[in-house]
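Labels run A, B and C following the written order; every chain starts at residue 1.
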């Protein structure tokens, strides 16, 4: 309850409190002396709690974590595992940041490799787990390539978890069959197919771009196909202009879709999951979204027959067989008092049993053998193969540079919504990006 | 003039018995009826603008996914109330409602108690810093919450009370106090001076005076502040969405947004959840509409 | 009145001032302090002087947010205040039973704005939305719009919802004012043959004029604080067409994690809001009209 604050002390209190806030900002996590209950399982150790934070990827996956929690607590008596599962969007924006600075900071948290991982490490929230991942608990579980983006200066900061293809074009098999269509391989075939569907009174492609990353992902892929991966990454990092002719050419493809009415005109107003619902209800023939569609389909329309095709090939200096994808993983909080016990849990997640459970739940684990002896959805298995065998793995822009990607995605949204020409949209994005402070 | 007749539409026409209405008066009566019909038609049409969305929301929860898409204006084929229970269960709406009740109650009690205490002192007692406090508290009426929530969220973070109910209760009390103090002070200002002076003559101290004299006397003012504070806390969204991440502490507005994120692919369930939250509120409002509307207008106009 | 002891006034004011200091006072100072820094919320704070303010003045989107806010103010002065005024005139027509209508028009004020925002997103939807399917039903397929997805309609669409909510609120205020017009005055005017419209325009309107000014001030300052409708219905999109100060602030601080820059944006905003308020008050004083309440 509030204490009485006589006036004489108010000014002093204001000064003191604002100072305290500032200081606390510089020295987070020095709250309690570490009681160093070491993790390696001695049952007599004081009871400890491991907090694991993540954004929800659907009930099936959440269920696997609950199963693993029970197994963990059984295997290590005296340890409690607390799962902090937030809505995914919240987690990736406000959620994780608040958690890391809160009184119940997580010991283990979901994160993305690359730029975001590097920020966490810079801010002092990434524990160096090199020794552990080279130890017996993880022996043979991952190929070296799985750690891409998770190692800084030879130190490993993340245990790989899942690999997602971020965008392919899903199609309704029945609709394709009824219209005598087969998945296209070139962009021109793709456009011809869209035209046929449109003529048959069917919305060819549906997408929900309210949050801008769905069409943004497609734009990322188109940009790489047009200018090549290095040039694409440079443009997103601010090392090359976004409005180069090659980038404009990539955005012309989006314009074609918009101008011809091949994509739902509500694209910029529709949330992505509502677009998914429309596709699963048969309101459109195709949907551009990532591999996680499978778990939505399992839940909402298990009998619907769907297939997918990768971004069609086109004229451009990029790798025309490239795949757009991201990997994800779990980091251990450097401020955790129970780092070893935290790693024990991640070992369980990466174990043969763990990765089988995730594979069955529609996730593509990054372990070496996720689908052995598992009845996973055939689309899951083949997408995993597509990603792992990709000659070039393209990273969506928002995994490269959040702020610049925001402008890039904004430009893509303006073009797909028919609001701006590719040139104008990218010029404007470039203008805004130039106004950003140098990092 | 023998006939008492109101020429306007004010009160029902009253003719003195025993004398027939004059022709012009009859015509007027017919005109009044016609204008009445027109008036009520227009008013009902306007009401429909308010009611159709709400009725549509409730009815949609009983439709199927495809019906919602394909024939939004049609009626559901059957009314199966179990969808409401399902939305309540699956969405965990009980938690949100419980949190909203707890947060709102605590905030309103705090606002009323601390606000009336301060209002009494600022209205009736002379002390050195009175003027300063009045100006200081007026800042809250002037500044939008956006002026300071950036550092506020940081403070709650560092004090480790973010993501708890306190992270809402404390700000809601602080934000509600400015208005409460000003409304209640205005109210106390209108009470007769003699009342306080004679109580003081009888040896009544400040604190006793507050509890025995002021608190009971300003009940109508407290009711006004309560209406404002309840609505404010119950419907607040900005701070709630920024300060609360755990499902177990979410209030109704944030909980509903989370719900729409989680079940946005299940339209009937979504509409059912919206209906569950809306129907009781509308019912409570209709019962207490006099107090609510009076409270809000009073509070706004003072 | 003299306090009964030196400390009782402070005891009575203390809790309120303490809460207020903690919730408003300190954060206000903190926000001003943060506005001179570069900080992500998790990294080390860096003092950068006025850089954030320089950046704010060159920030196209930030400038746009003010344009949108002023459009929103203009639209809501009509859709909320003027419409509310009209409704008040209607429900205060003598001799009509209007209690039920007053209750109905006020319903949206009661409901969480989030509920209304979600509901109206569906009403505006291009797939199964009430409005577009109504347009199709009356044979005007060509009038269909992606109301919230098209920059030319999105802001206005939100203003309409805002009007749907608050017209009832302003109606209640004006109604209360019109009820305070002395009955004797109205009776006398009526005996002189004044029509209901005369009563409204010649007696009620001038008498509640002071209230319209209060209402306008409420509407203007309230506009700067809007968030819920915009955040839930469009999140500032499409192409920043509905970006307002608050949505931009929230995405700067809580999505892009630029706490220092966000603080600077909110300092600028506070200055604008207080400036607008003071300007308004000053203009009104110049008018020489006193508010009645």
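Here is the rule we go by: a residue touches a chain if its C-beta (ideal position, glycine included) is under 8 Å from a C-beta of that chain, and two chains touch if they have at least 3 such contacts.
Everything numeric in this text was worked out from a predicted model, so none of it was measured.
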Chain closest to the assembly centre - both centres taken as Cα means: C
Busiest interface, counted in C-beta pairs: B-C
Chain centre separation in whole Å, for chain C relative to chain B (CA means): 16
Rounded Å distance, chain A centre to chain B centre (Cα mean): 41
Centroid distance [mean C-alpha coordinates] between chain C and chain A, Å: 37
In chain B, residues with contacts to at least two other chains: 69, 114, 129, 151, 154-155, 157, 241-242
Residues of chain A engaged with two or more neighbouring chains: 2, 7, 17, 21, 25, 94, 101, 274, 278, 283
Contacts with 2+ other chains: residues of chain C: 10-11, 15, 17, 19, 22, 25-26, 29-30, 33, 41, 127, 254
Chain A residues touching chain C - in the complex, by the definition given at the top: 2-7, 10, 13-14, 17-18, 21-22, 25-26, 28, 93-94, 97, 100-101, 119, 122-123, 125, 210-212, 264-270, 274, 278, 283, 402-403, 406, 410, 413-414, 417, 419-420, 431-432, 435, 437
Interfacial residue positions of chain C with respect to chain A in the complex: 10-11, 14-15, 17-19, 21-22, 25-26, 29-30, 33, 38-45, 51, 55, 58-61, 124-127, 146-151, 154, 234-235, 237-240, 254-258
Residue ranges of chain B touching chain A (in the complex, touch as defined): 65-66, 69, 114, 129, 132, 151, 154-155, 157-158, 160, 162-163, 241-242, 245-247, 258, 261-262, 264-265, 267
For the chain B and chain C complex, residues of the former touching the latter: 6-12, 36, 39-40, 42-43, 46-47, 49-54, 56-57, 60, 68-73, 110, 113-115, 117-118, 120-122, 124-127, 129-130, 133, 136-137, 139-140, 142-155, 157, 170-171, 173-175, 177-178, 181, 196-197, 200, 204-207, 209-210, 231, 234-235, 237-238, 241-242, 252-254, 256-257, 260, 270, 274, 277-278, 281-282, 285-286, 289, 292-294, 296-297, 300-302
Residue ranges of chain C touching chain B (in the complex, touch as defined): 1-5, 8-13, 15-17, 19-20, 22-31, 33-34, 41, 87, 90-91, 93-96, 98, 101-115, 118-120, 122-123, 127-130, 133-134, 137, 164, 168-169, 172-173, 175-177, 190-191, 193, 196, 211, 214, 218, 221, 224-225, 227-228, 231-232, 245-246, 249-250, 253-254, 259, 262-263, 266-267, 269-270, 273-274, 277, 293
